[in-house]
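Both complexes shown next keep chain A, but they swap its partner, so chain B is in the first and chain C is in the second.
And then the complex of A and B:
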């Protein structure tokens, strides 16, 4: 086995093991840590493919932003990291169906795609080419993804925001001041 | 003095020839070369941190009208070595209520991340471990591991002060990473490359330094970088008057030392990246290149220490408001101005 294959199989082992731990870890903070290991492993795979720009972007975005936010959310949620939080709920059947469907789609696309191998080394300055392509040929998909992310962001805010309509008006903070505003003569009506 | 530059090259070539003379395969030669380079970087980092700690104590003392360390060695220069030896001998306590695995790995991740950055820093002409063609991006992405270490430390310590420190550091770093990256993009628009080596080579003459073309960008970089390195006025994650010691509260012995080392390494990294991006890296007349680099870095380090001992700490809400309402809009304005400027001239 040559060194590239050795590196690939060790990375693959680390990624898969970490990914399994992500879903089986008893503690959700541990899941987040294992997720970082898995994502960093994927960056390692990119390095192995000499896609250095993608590797750096993977670490910067997935590890630096997404995983950090995830840890942040876990820490902010009271008692979510306590022992004995359930892993499964009554949606097991639906979940199984969805994941099996996803697996089938992925396997099909893997099976169906013609992989082309080329012995040529990766060109220098691949990041430059990537940037040019993203802002010229692929500018439309790029922008659509941005809008999609923005929509997801706004959607998340709307869902997370408490719905106040239809509820009783919240209790006034300063009842005395309010009474005074509604009826300035109230002072005189106060029995002495 | 340029002979000193040649001396570095001669020593390097001699070591190289020595390795090749062993008659191993090319892969092994590379492994040994990288191992030696790694050792040199670790040694440099250790010595630099020892020096920086002494410098910080001296500067802070002078700013507060004190003397600082004076007893151990001339002007207290060996004081940090004595302190380091003391730290090494201390018992490594793991409190009962901590989450052992995460608690163990947190300082290691923080320290390794701080050290890994040094791979792409050009210390002098031909003095770089590896010139990656994504150099700047590599530094930006590796430094994010520091905050993961802090978060892990804050959470696993099972202590409210540590947890609050972890919170604050995550919110702070995620917010300030945006203006930091945006200010760096301003330089990248000029350089058209991410390689640290090429960026230095483009700034050979004094008037070519990118600080002249990116003054606003440099200011944003300096402020956001100070926040990323958790230095005062942005040292809320370990605000000692509110949070005991923040995320390091439960750590002792070598694990504490690792956080400490990482903090000082990050400070030097910030100065080194600023030198490379804005101040021409190792370019300069008469003196050998690595001396210029270290001198410029030391000026940067002094400015950071100056900040620390003269500014009061920000409040949490001020901190976030400053990042999102002031720095990020400014960074975008800088980006637009740079783009317009490049298009026009």
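And then the complex of A and C:
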């Protein structure tokens, strides 16, 4: 077993174990921590695949932003992290059946699918090629993704903004009438 | 020798773990974590294809960049919705958040 295989199998073991813990951990905070482990494992796989830019982006975006965002959500929504709260619904059997069936179908279709391998080694400046491709061949999706991120930013702000309508005390339409209702003698107190 | 099928098999396994979590967790944040797992499995498949099928033009890596961006946008908006639901209902049990159903 060469070093590449050793690295792949250990990373695969880490990723699969962490993923299983993410979906089965009773404490939701533990799930978030295991998610970070799984994301780091995927970054390691990207290094193994010589996609260094994506490995850096994976650590920066997933581990640095999304996982921390998840932790914020866990902390802001209290009571769900308590032990003793049931963490699965009644569909455990069905979910297991569906996911294992899907896995069987995927592995079966993988078994004899004719991949067209290219024996060429990875080019020297793969990051350079990636950047050049993003700004030539994929320039339209690149711009669309930037607009999408802007829309998501504004949308998140608008959705999560605390709205005062509805739950706040309704504004009195006639303050004088309300004062009169609360204190009927107020008329006599008014100085002449 | 580790080839494309190894990475594809790993990707399929992680994807199916994500599907299981998405179907069975009650907590909306845990459902989102399962969705992130599925996004990551797809990224593994894309980058593996970029490595083994088109090593000269790293097309799969370019697509993976877009996947990461879309995943970030999805996580942002979904967590905002989760916080809003928590403010209104004092809970984010996805089995009980069905007020748009009828």
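Basically, the second predicted complex is superposed on the first by the 111 of 192 C-alpha atoms of A that agree within 3 Å, B and C clash if a C-alpha of one lies under 4 Å from a C-alpha of the other, contacts with A are read in each partner's own complex, and residues count from 1 in each chain.
By our rule, contacts are C-beta pairs under 8 Å (C-beta built on N, C-alpha and C of every residue); 3 or more make two chains touch, one makes a residue touch a chain.
Model, not experiment: these values are computed from the prediction.
Contact with chain C, but none with chain B, is seen for A:159 once the two complexes are overlaid on the shared chain. When the two structures are aligned on the shared chain, A:136 is found in touch with neither chain B nor chain C.
Once the two complexes are overlaid on the shared chain, A:75 sits against chain B while remaining clear of chain C. More residues of chain A lie in contact with C than with the other chain of the pair chain B and chain C.
In the superposition on chain A, A:53 makes contact with both chain B and chain C. When the two complexes are overlaid on their common chain A, residue A:31 makes contact with chain C while staying clear of chain B. In the superposed pair of complexes, A:65 makes contact with chain B and with chain C alike.
Put simply, chain A uses residues 53, 57, 65, 69, 72, 74, 76 to touch chain B in one complex and chain C in the other. Within the complex formed with chain A, the residues of chain C that make contact are 1-10, 12-21, 23-27, 29-30, 32-34, 36-37, 40, 43-44, 47-48, 50-59, 61-62, 64-66, 68-77, 79-84, 86-87, 90-92, 95.
Chain B meets chain A in the complex at residues 27, 99, 101-102, 105, 132-134, 137-138, 140-142, 144-145, 147-148, 151-152, 154-155, 163, 166-167, 170-171, 173-174, 177, 192-194. For chain A in complex with chain B, the touching residues are 3, 27, 29-30, 33, 36, 52-53, 55-57, 59-60, 63-65, 67-69, 71-72, 74-76, 81, 124-125, 127-128. If you check the complex, the residues on chain A that touch chain C are 4-5, 8, 12, 15-16, 19-20, 22-24, 28, 31-32, 35, 38-39, 42, 45-46, 49-51, 53-54, 57-58, 61-62, 65-66, 69-70, 72-74, 76-77, 79-80, 86-89, 91-92, 94-96, 98-100, 102-103, 106-107, 110, 115-118, 120-123, 126, 129-130, 133-134, 137-138, 141-142, 145, 148-149, 151-153, 155-157, 159-160, 162.
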